[in-house]
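Below: a set of structures, written as structure tokens.
In what comes next, subunit A is part of two complexes: it sits with subunit B in the first one and with subunit C in the second one.
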Partner chain A sequence: MKLNVDGLLVYFPYDYIYPEQFSYMLELKRALDAKGHCLLEMPSGTGKTTTLLSLIVAYMKAHPLDLTKLVYCSRTVPEIEKVMEELRKLMTYYEKELGMEQNILGLALSSRKNLCIHPSVSKEREGKVVDGRCYSLTASFVRARHAADDAVPICEFYEGFDAHGKEFPLPPGVYNLDDLKEYGQMKRWCPYFLARHTITHANIVVYSYHYLLDPKIAEVVSKEISKTSVVVFDEAHNIDNVCIDSMSVKITKRLLDKCSNSITILETTISNMKENDSKRLEKEYKRLVEGLRDATIARETDMALVNPVLPSEVLEEAVPGTIRTAEHFVAFLKRVVEYIKTRLRVQQVVQESPAGFLRDIHTKVCIDRKPLRFTAERLASLIRTLEISDLTDFSPLVTVSHFATLVSTYTKGFTIIIEPFEDRAPTVSNPILYFSCLDSSIAIKPVFNRFQTVVITSGTLSPLDMYPKILDFHPVIMTSFTMTLARPCILPMIVSKGNDQVAMSSRYETREDTAVIRNYGNLLVEVAAAVPDGIVCFFTSYLYLETIVSSWYDQGIIDQLQRHKLLFIETQDAAETSLALINYIKACDNGRGAVLLSVARGKVSEGIDFDHHLGRAVLMFGIPYVYTQSRILRARLEYLRDQFQIRENDFLTFDAMRHAAQCLGRCMRGKTDYGIMVLADKRFSRADKRSKLPKWIQEHLKDTLCNLSTEECVQICKRWLRQMAQPFSREDQLGISLLTLEQLQSEDMQKKIQLRAQGV
Partner chain B sequence: MADEDETKEYRWESGYEKTWEAIKEDDDGLLESNVAELVARAKRKRAALKASGAIQLGMMRHLFVIVDSSECMFLQDLKPTRFLCVLKLLEVFVHEFFDLNPISQLGILTTKLKRSDKITVLAGNQKKHIEALQHLKDLSCEGEPSLQNSLERAMNGLKNMPAHSSREILVLFGSLTTCDPGDIQKTIKSLKDNNIRVSIIGLAAEVRICREIAKKTGGTYNVLIDDHHLKELILSQVQPPAVAGSIEASLVKMGFPGGTPTLNDGTSDSSADHAPAYCLCHIDSETSSLMGPNGYNCPQCGSRYCELPVECKQCGLTLVSAPHLARSYHHLFPIKPFVERAQVPDATHCFACAKLFVEAETNVYECENCNQIVCLDCDLFIRETLHTCPGCASDPVTAQMKTN
Partner chain C sequence: MDDYQTCPKCKTTKYRNPAMVLMVNTCGHALCESCVELLFAKGSGACPECKCPLRRNNFRVQLFEDPAVDKEVDIRKRILKEFNKRQEDFPTLREYNDYLEEVETIIFNLVFDIDPTNTNKMIDNYKKENKDITQKNRNRQSQEEMELEELLEAEKAQQSEKANLYVNAELEEKKQKHKAREKLIDELMFSDADAKSIVASHVQATAALAKEQPKAAAQPGVVKSSKFSSGVQIGLRGQHTNSFLPIPKQEDLPLYRYTAPVFDYDGPPPPPIEKLGKLNYFANIRAANITERAGGYTEAMSCCRALQEALGGLFYSPQLMHKTAVLATNSSTQDTDDMETT
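Right after this comes the complex of A and B.
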């Protein structure tokens, strides 16, 4: 249908629209008009993706000069594929309506592993190996060598792309990963490099967060994206953690040992080269004297994304003399690695600031800050010069070099923590050095500064005001949409006590209490008896899950449970978990029913949807606070308090509630779906926790559903399930939660939408 | 609204209702017309649901009723227990079933302890079934049910039935889980291959596998809200369903036993037919007694039965009486739904009950055939009980046409 969104003609590829989708478009349009950033929360299953795409494409068509490109960042490959499907639907609709080919090029980009069509390389399973082998076939020196000697293998697809692909742009259309591969096969061009090349002139690019947030990758992939783009981060409720992870480094003892090996290889290669081809080393030296000028030029013309790893000062200066020659640099690296090794030989936990670390490294092994800063660049240059084609072995050394550069560049917002052993196994010596980023705004700042509009959206972003604080930006629009429903298809409940009136809580003091554990068990058994098909339970941690399950076993609760449903448990082993999941789905499909015990923040809670019968109920046992004893977390909390005036407790609750909301959201995947959400902890009913749940859940969490006992909860469940089982058709939704064009345009509905917009 | 309250559970059991929100004032600030309309609409809706176009109906039905008797049937959310409530309603169902489908057969299975037990075999005698149901009350409910086992068992009983009959299974399923020995998908497939329609009534919540079975085999799946709703759901199964796909139409041999001896006016009945004899339905039971001259004799083999319809035990002939057949006739020729008339001329009477229509009467219906006008109550009565339009029947021309 064709919509009029605040004066903009939007082609929407479906015959019906949800009212909240229309409101979403209105808000998004406002943000685009203001060329500012926005933060939008809308429940999952209400068609966020198609709404975003249809509005932004319409906007691009209407204002081709103001908005040139859409960069859509998603989390996983399946999600990327879903976005591409929606985009394809939209483009087909455009073509049907306008009767001609649309001049819009959209493509998905993923790693080499997902795009490679080289007959042997594509067989590799691990991403790193594929990258390494690809590099060994396509690096410029390899190809130069091939020109001299035919025996040196190269990749024919890359050659094909290099020879012809750059001149012929990809014809307009929508390309997902498979289409790219097919196109590559047909033309004999490498799809990966083709896609990367095409990014610069494509209208719509869909890829993973990391291509924009991780400075190491963003440098290579995304630096030429123009300023007049809109960037969308979908499922962005964890974006601060992604930012932090991309800037943090973890160094273990094993990694350092591997580094030593790599350094030895470097040494031998250098000495070999010296005998055979010393000219090349000299050339490199000269280049280094001139500094990294090329990079500076690119930056001045505002073409490149500012790379937080490589601060601008570095580019202006020449590489310091101490590490200019190859031997000196290798010796330097060796000293650094040895120094870190000595630092790892600690008996107790050490925490220090980057400045302290720099002073210590200066006094102990006489290494200045300046050369440290250049380590990453210098190492990259050396590897290029030495023509080392197999990069896989060097990744530990690259990690250390990144660490060196980061630690000498940023004095604020980072901390170094050295732990001699893991908390869980205090007797086993396993020293780890964490270089941890505390400030999530560092990684995302270049994105906010560069692009005119950044959209952060997800099903669960509440409380909204926290994100601008921790990401340090100023949104022009900040809105949370609720779901309009024709029937109350979610039933959130807070169960705070068992039938014996003992309060249920995962508080540290009571978590070992058998009465609490037994009450949790009884709750699960009774819910399992009342709810059909699949039930998913979330615990606060693997440790807690294990203790609870073992005492349930002793108390005979497991036996009772298995009379109603089969039991599956998520473990830390990914293969085991996916096997459990497959069987869980099978048990739900054939009517036996199943219970899945899993962990908030685990694999299940983040990526897997339990729609319809797979998740008729979600139980959250306890509040999923992050492990508060972790030193990294404590350092971050301290930093947040000092820099952003966020109280520790506020942040912890925020973090816990967004994970709880994520877990609860697993069971609702659309308007025809329905699910029970049980929050089993006394503390959930407090105002500070309740108010942090997303609005679309809060709206249904009435006072009568708080502070229930197990029995009350089961009674409500039973009645509600019967109501939900009554026939429900599209006609019932029409006019309330699903609108035709006429209904949308009716004055009544417009008024309602206006009201809702003002209400938030 | 007093009668409506009766159809609900007890007030303290039902949820919190905002009854005042359903009521709106009309233009004059009055409430009454609104309330009346609400009631009328609800009534009419139910009637409209049943009226469907004339399709080929499976008149000769073979139906297996599977009663869940697993542990969960002892729950007391239906009073006194789910099991007893279901059995009581089933008795009503059996009675109604044979009333409306006299040439059909029915069998009862239960499932518990992961197995399936046969209670009665397919037969056309309702007494036997009702007796069996009464015996069931003393049985205990235990263990888990098995959908697959019971469906397989019912299927074995049904698959040898003649192709022109409609094969059906009705499952009353209280459990939320089923414990099956193998892949239930295979069972669903063979049910489909055998043209068996499975309808399921859930007593607790929507179970996906049930929905899938019903959908794939062309049956219905419903979940009750309370015991009155359950009754409605069970009784809705009394209506013969439309035939799915093409079942060949064929002739069925039937016997029409003669009438009572007092009317012996020289028909084929010989005097031996009216000699005292044992009734074959009760010959197994110890209380069986010699019957008088009353009863029905099979025209093929002469066995005596106390009640019709029945399948002859001796020769397997279906024995019915003509009124029985006529009763199932209305399924084939349902009367057309009456059209709602917006306005009626002043001083019109309801054709059926002669009620005078006052000015503001809105619920008035007209038969499309004879153009007679009836009131709402009569409309419902005609549709649900009478099955013929009094207007058409009293008009000699149209009545003639119908029989031709």
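Right after this comes the complex of A and C.
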């Protein structure tokens, strides 16, 4: 249908629209008009993706100069594919309505592993190996060598792309990963490089967060994206963690040993080259003396080694004299690695600021800050000069060089923590150096500064005001939408005590208590007896899950449970978990019913949907706080407190509640779906926890559902399930939670939407 | 496992003797402590590996896994004591970099015993030429070092201050909560009022307190740093922050008060501008077109002015000095309007 959103003609590819989708468009349009950033929360299953796409595409068509590009960032490959499907639907609708080809090019980009069509390289399983082998076939010097000697293998697809692909742009249309591969096969062009080349002029680009947030990748892939773009981060409730991970480095003893090996390789290669072909080294040396930034860095194939973000004035400057020649640089690296090795030889935990580290490295091994800052850049240059084609061996050394560069560049917002052993196994010496980023705004700052509009959206972003604080930006619009429903299809409940009136809580003091564990077990058994099909349970940690399950065995709860449903457990092993998932789905599909025990923050809680019969109930056992004793977390909390005035408890609760909300949201994937959400912890009923749940859950969490015992909970469940089991058709929804064009345009509905816009 | 350190002379490993400590001397070859005692009982001797003469009191505990690095660091420290020129001592960055490379080459040569005679000559030459600069720089910290020191000190100060502040604040808050709760219980126990109203008033009081809290917490606020994390000053050089002129102080004057102006027309009062349309004055003049309106012009203005001009000074006579004062306010002109329409 064609909509009029605040004066903008929007083609919406469906015959019906949810009222909140329309409000979402209104807010988004306002943000685009204002050229500011926005933060929008809308429940999962209400069609966020299609709403976003249809509005932004319409806006691009109406204001082709103000908005040139949409960059859509998603988390996983399946999610990227989903977005491409929605986009395809939208474009076919456009074509049908307007009766002509649309001049819009949309494309998905993923790693080489997902896009490679080289017959042998694409067979590799690991992403890093694919990258390394691709590099060894496409690096500029390999191709130069091939020109001299035919025996050197190269990639025919890359050659094809290099020869022809650059002149002929991709015809307009929507290309997902498979389409790109097919197109590549047909033309004999490399789809990966084709996609990367096309990014600069495509209208819509869909890729993973890392291509924008990880400075090492962003510099190569997303550098040339124009300022007049809108960037969308979907499923962005964990965006601060992504930012932090992309700037943090972890160095273990084994990694350092590997570094030493790579350094020896470098040494021998240099001495070989000195004997045979000293010209190349001289050339590199001259270039470094001149202080020109390496021109070849722009060459797209030599991408594997780039340095993390640096202030640009550092890049303009010449490499300092201490590390100019290759031998000196290798000796320098050796000293750095040996120094870090001595630092790892500690007996107790050490925490240090980057400034302290720099001073110590200066006094111990006489390394100044400046050459340290150039380490990553210099190493990349050296590896290129030495024409080492197998990069996989060098990744440890590259990690160390990134660490050196980062530690000397940033003195604020980072901390160094050296742990001699893991907390769980204090007798086993396993020293690890964490260079941890504390400030999530560092990695995302360039994105906010660069692009005119950044949209952060997810099903669970509550409390909204935390995100601008921790990401340090000023949104123009910050809104949470609720779900309009024709029937009360979610039933959130807070169960705080068992039938014996013992309070249920995963608090540290009571979590080992047999009464609490038994109450949790009874709750699950009774819910399993009352609820049909699938039930998903979330625990706070793997450790807690294991202890609880083992005592349930002793208490006979597992036996009782298996009378009603089959039992599956998520483990830390990914393969095991996916097998359990497959069988869980099988058991639900054939009507046997199943219970899945999993962990908040685990694989199941992020990105796996339990729609309809796969998840009729979600049970959250305890509040999923992070492991609060972790030193990295402590350091981050302190930093947040000092820099952003966020109190420790506020942040911990925020983090726990967003994960809880994420888990609860797993069972609701649409308006025809229905599900029970049981929050089994006394502490959930406190105002500070309850108020941090997303609005669409809070709305249904009435006071009468807040302090229940197991028995009461089951009673309410039974009554509610009977109500939900009544036949439900589209006609029931029409006019309330689903609108046709006429209904949308009716005065009544417009008024309601207006009200809602003001109310939020 | 070959991970364990081994003494090259007696082959003891760290595994077999955890108390073993490896020592290195200037030549960069390791020996365990007991071997050192055995071989260098006299106070001096030859290195068992390279046969170069060593003194016992030059032995130090080996810091690094690779003894060669120990040796290199040793030499480096010695050389850098002499070669301590700073970037400020050179006119261009390029020259400084060349100098750095030269130093690096000297160290490299010494470590790997390449061309020792020439290298030593170079060092001696340098020493002679740059005696005074070396002497001067020894007591001076480089800019980078200074920056680091400053950062560290700032960190320390901030840490202790913040820690105190927050710990105190949190304690205070806890105390207050506890007090409030006790008070509530006391009241419930002893007062005769309705329990519900007591609880309600308590809830209100705590909410009010909670509102105040964040303000108090925000107070310790961050001091805006005057530096980027890379050490570059924000704005025009940190040193000059004090050199701005002080903001001129406002003088204390009595506040300005508005009084409506009084116009002396010396004639019958003209109709006010708002009433012109009603009184049908516009019938006889050209209406303003669109472009004029866009500029803010309306026909009322010129009409009003014309009327004022026409009526002003009509009563003027040097003998009578009749005056009519017209106030700018609407209410005062009300009665005169009625007269004219009739």
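The definition used in the following text is that the second predicted complex is superposed on the first by the 743 of 760 C-alpha atoms of A that agree within 3 Å, B and C clash if a C-alpha of one lies under 4 Å from a C-alpha of the other, contacts with A are read in each partner's own complex, and residues count from 1 in each chain.
Keep in mind that, in the parts below, contacts are C-beta pairs under 8 Å (C-beta built on N, C-alpha and C of every residue); 3 or more make two chains touch, one makes a residue touch a chain.
Just so you know, these numbers come straight off a predicted model, no measurement behind them.
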Clash-or-fit label for the pair subunit B, subunit C on subunit A: fit
Contacts of A:T322 with subunit B and subunit C, given as first, second, both or neither: second
Partner chain in contact with A:L755 - subunit B first, subunit C second, else both or neither: neither
Where the C-alpha centre of subunit A sits as vertex, the angle toward subunit B and subunit C in the overlay (nearest 10 degrees): 140
Subunit B versus subunit C as contact partner of A:T411, first or second or both or neither: second
Contacts of A:V531 with subunit B and subunit C, given as first, second, both or neither: first
Which superposed partner A:H362 touches (first subunit B, second subunit C, both, neither): second
Which of subunit B and subunit C A:K565 touches, first, second, both or neither: first
Contacts of A:H613 with subunit B and subunit C, given as first, second, both or neither: first
Touched subunit A residues, subunit B compared with subunit C: C
Which of subunit B and subunit C A:A148 touches, first, second, both or neither: neither
Superposition-derived minimum Cα distance between subunit C and subunit B (Å): 25
Subunit B/subunit C common contact set on subunit A: none
Residues on subunit C engaged by subunit A in the complex (per definition of touch): 63-66, 69, 72-73, 76-77, 80, 93-94, 96-105, 108, 111, 144-145, 148-149, 151-152, 155, 158, 162, 166, 217-218, 221-222, 225, 228-231
Of subunit B, residues touching subunit A in the complex: 15-16, 72, 77, 144, 147, 176-180, 183-185, 202, 204-210, 222-225
Residue ranges of subunit A touching subunit C (in the complex, touch as defined): 289, 291, 311, 314, 317-325, 327-328, 331, 334-335, 338-339, 341-342, 353, 355-356, 358-359, 362, 364-366, 368-370, 409-413, 641-643, 645, 647
Touch list for subunit A against partner subunit B, complex: 529-533, 563-565, 588-593, 612-613, 616, 704, 718-719, 721-727
